[in-house]
Amino acid sequence: MSLTPDQIAEIEAARANPRPTLRAVSEGMEAHLYRAHQVLDHGLVRVIDYMGDDSAIVQAARVSYGAGTKHVQNDEGLIRYLMRHWHSTPFEMCEIKLHIKLPVFVARQWIRHRTANVNEYSARYSILDREFYIPEPSQLAAQSVINNQGRGEVLQGEEAARVLEILKSDAARSYDNYEAMLSQEGQAGLARELARMNLPMNIYTQWYWKTDLHNLFHFLRLRADAHAQYEIRVYAEQMARITADWVPLAYAAFEDYRMGGVTLSGKAIEVLKRRLAGQVVEQETSGMSKGEWREFMEVWG
Amino acid sequence: MSLTPDQIAEIEAARANPRPTLRAVSEGMEAHLYRAHQVLDHGLVRVIDYMGDDSAIVQAARVSYGAGTKHVQNDEGLIRYLMRHWHSTPFEMCEIKLHIKLPVFVARQWIRHRTANVNEYSARYSILDREFYIPEPSQLAAQSVINNQGRGEVLQGEEAARVLEILKSDAARSYDNYEAMLSQEGQAGLARELARMNLPMNIYTQWYWKTDLHNLFHFLRLRADAHAQYEIRVYAEQMARITADWVPLAYAAFEDYRMGGVTLSGKAIEVLKRRLAGQVVEQETSGMSKGEWREFMEVWG
Amino acid sequence: MSLTPDQIAEIEAARANPRPTLRAVSEGMEAHLYRAHQVLDHGLVRVIDYMGDDSAIVQAARVSYGAGTKHVQNDEGLIRYLMRHWHSTPFEMCEIKLHIKLPVFVARQWIRHRTANVNEYSARYSILDREFYIPEPSQLAAQSVINNQGRGEVLQGEEAARVLEILKSDAARSYDNYEAMLSQEGQAGLARELARMNLPMNIYTQWYWKTDLHNLFHFLRLRADAHAQYEIRVYAEQMARITADWVPLAYAAFEDYRMGGVTLSGKAIEVLKRRLAGQVVEQETSGMSKGEWREFMEVWG
Amino acid sequence: MSLTPDQIAEIEAARANPRPTLRAVSEGMEAHLYRAHQVLDHGLVRVIDYMGDDSAIVQAARVSYGAGTKHVQNDEGLIRYLMRHWHSTPFEMCEIKLHIKLPVFVARQWIRHRTANVNEYSARYSILDREFYIPEPSQLAAQSVINNQGRGEVLQGEEAARVLEILKSDAARSYDNYEAMLSQEGQAGLARELARMNLPMNIYTQWYWKTDLHNLFHFLRLRADAHAQYEIRVYAEQMARITADWVPLAYAAFEDYRMGGVTLSGKAIEVLKRRLAGQVVEQETSGMSKGEWREFMEVWG
């Protein structure tokens, strides 16, 4: 991604004029406002607006629980308590609005998170730019042989070169033909809402995406996870860094209880208790299926 | 509603310290922040936070429609266009967070608007205050004889006095007994989560309520309407005044297209066309039921 | 769309074994169950399941309004009343589950209706079929010269032929290359989650889509509308026919009040009243913008 | 709860006429349809309709994951896999519609689950019945001395008697006065929408409540939990038994992974690993707060 001089000027202008407000202000977030964080080759994440900070979470909780929250000595303790006990409504009191530029196949996965507001660039109204996601060689991986939805080894040599060449040349030709269908000397020009169907799904689109902190955490838990596809994970990771600057206490609690946590089934609890009591437990005697056991062993060894 | 000196001091403190922000600022809304607008006898509406302004709506629309929006000459025209064509997503890009104090029977109606975030004061954790809604004499109305869910004439004389007396004394006694069950010399004290069930539904509760502008408009359309119950309508009307200060262009469009507008059925369109062509149309020849016809005549005479 | 013999056999098997149920049954809907209605060249709409019928709407309304609904003499009158007064919750008591096969660019528009449940075929797990939407010649239209998001005249002669040829050959080549990247003699084979990005947006995907009747009506109002893109409109029209068979009373009310209705702004009401009073009103004296006036004249002439 | 002969006759009539359907049928659920399960003294839970069964979950998952699901040998294994990996969309493909009669203070807690459709009996239109929740003596508990939102010891002797007497007499008097305000010889009669405010929150209301299986599980996890208030928990437990009959495989997975499972934070994982390695860990060296440690010890001892 290289911003045009116009875009850089626009960002600088937006950042040049602080105005007074009586609202809660997050210094960490003010530093991010409007700046474009590059993701993938042409993508970006930009904070356009936000509402609330760590104190807003605490304040909302104290409305709910009244004097009941007084015994928690400080904001950090209360936020950790809320996270541990799955209290979602105080986290919903913070809101974020992002400008995201991303490949269409990533956008299709992203949009499945329904509790968010979205304004996407419309290819019915407007013409898409000639920008395609072409993976880094280090990301051109083979299908995993053990995971139906994952990647295995990185492609090598001639195969890697051929794949890269295909992705580049198909994107270029599709876009050339998109343009040729839209307008050309002496042509009527195909409607934009039809011409767009010729474009491959690594073309970039962009949208404004707005959600609350509770739903953002849910998004991050699924998409910043090691099992998420790399191309959406890098967006989630960038958003996680921004969130850590925005609401540091809430993010730290999220990291400990959600990103770094695990859920144990009743069966898994039993196995761990037997182990703590000194027993040796094997899959056959665990009550778990082979798949569950493998996943259990990944954490507990 | 009379605020305690502590509450007034807290509001003044919150208003005393403007801080710089790079976000969109609505001057009209800054003037409202934290101030308590009285509603009913003990209720209030306070703006706690907001995100966005008229420009944010326009900006989001321009992301979606790209160059397609350039032909609309100005922000006002674009906002009216969006409202007229039921484009909801740009309005969703603004968000408001309110502190509301309201009687429980109003809260029960309000909460049916599901697309909002809520933190309510919990009577499991905390003890409710002795504050009840007692209607003004001018609001003590009889059941409507034509509308199953409306009010008719205002009660007079002895009946009015007796009703007021009942509401006051039942509220007082219920609260006395609530307190007596909770704690009294030499008692264990009933659990708060149980004792609360003795309280009548005109007791006040409070919550933080956060929603986006699209859903706020939907709320206002239903609840600031003449058919809404008076006790929720006065909240909606106060919120409407706040919204007019927050996003004046969007509010004006809302007022023209939604609050001041009507929806015509296919049958009603036909009737109006016949009238415009000089015909006289009666209910019998309108294709409408009596109820529809009556509602039609209320607008068109 | 031509179903394979296997698919036909599967549908026939599913239809061959009626079982007794105590639930509400819609005969009109039973006739649709599992059958594939063709849409576009390879698309389909199939009813997989449904909950409720016209009576279920009435029953839910009578729970809410109790004796208050008794004065409406019959189900049809009550359903029309509910629709006219924007009562949404009784319509939410019916639910439909559809199997839809549709081009990706249509799916991207469709998914913006967020209040629905979706299970989409995953191209991370599985390989997409070689099926692309290629418009009928009668649908190959030029960009509208008056509407930024619409179609104008149908393309003619050489231009039409060239556009068709582009769409077909680009689809074919992209799919050939998709396959070549996935697996080929002596190759590791690119991960499916990466290879899919080479596919153009007229490739078909499929999903299960479940929503309630209120939200289905909202979908139909926007997507069966003349301004909707043809390629999604034909799905909406098919779904509208199915809905008419499922809940005939509710659908008739929807058709009269929503599909065949219009919303008038306060300004438009004033203009009509002046006209009814015999005045001649021009755009200049209407208080409306040129765009509003043009839309107003389309209905009222 | 004692059903009137009319109500019993209505239920029997609804159960007397099975009709053929081609939809998925759950035998376990058919046995529940329309029958009233008593909850608390006057409350009830009744299944009015349902959509889908265990097979519908599997079928939806196979649409999503295509051939990718073939390696899971059977429906049970696939359902457990989906539950373990937090795949929510296949569970959303099942839907349930319940008739619930419940005290208002329970309804106020219940309605906070927003992803559901609700039609509640309206006290603006209709007059509420004289039915109040009066706890069993065994449920008349004191405020917990360790938990701000819980119950402690059961009240004894005179205090218990006095509390019961208060609840009964306040309910009776409030209802007498409700009736007196509504209509009495020679009175205009207060509007129903106003008179209702005099009623205490242990009065019963009723509603139709419809949700999908994913959200139902979420409700059950929070409300069938030991920390939920008894008066909502008994509803959740009844609904859990119904769900177990409806979708036995999904319910068994839910029970193992959610109801019987725990979530461990990153810190808790570390502590367990140190213990498994033979170390003794105390709160001081655990990195956990006292509250977290206490909750950790409740599970792991």
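Labels A, B, C and D are assigned to the chains in the order they are written; within every chain, residues are numbered from 1.
In this section, a contact is a pair of C-beta atoms (placed from the backbone, for glycine too) under 8 Å apart; a residue touches a chain by one contact, two chains touch by 3 or more.
Worth saying up front: this structure is predicted, and the values here are computed from it rather than measured.
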Selected pair, greater C-beta contact count between B-C and A-C: A-C
Where chain C and chain D are represented by their mean Cα positions, the distance between them in whole Å: 35
CA centroid of chain A to CA centroid of chain C, Å: 29
Chain centre separation in whole Å, for chain C relative to chain B (CA means): 33
Per-residue multi-chain contacts in chain D, two or more chains: 65, 68, 118, 122, 125, 148-149
Chain contact graph, described as a line, ring, star, complete graph or other shape: complete
Chain A-facing residues of chain C, complex: 103-105, 107-108, 111-112, 114-115, 118, 120, 122, 124-125, 133, 135, 139-144, 148-153, 155-156, 159, 163, 166-167, 170, 173-174, 177, 180-182, 187-194, 196-202, 229
Contacting residues of chain B [partner chain C, same complex]: 65, 68, 71, 77, 80-81, 84, 86, 148-149, 222, 255-257, 259-269, 272-273, 275-276, 289, 291-292, 295, 299-300
Parts of chain C lying in touch with chain D, wherever the complex brings them together: 14-15, 17-25, 30, 33-34, 49-52, 56, 60-61, 63-69, 89-90, 92-93, 95, 97, 99, 117-122, 125-127, 206-208, 210, 212
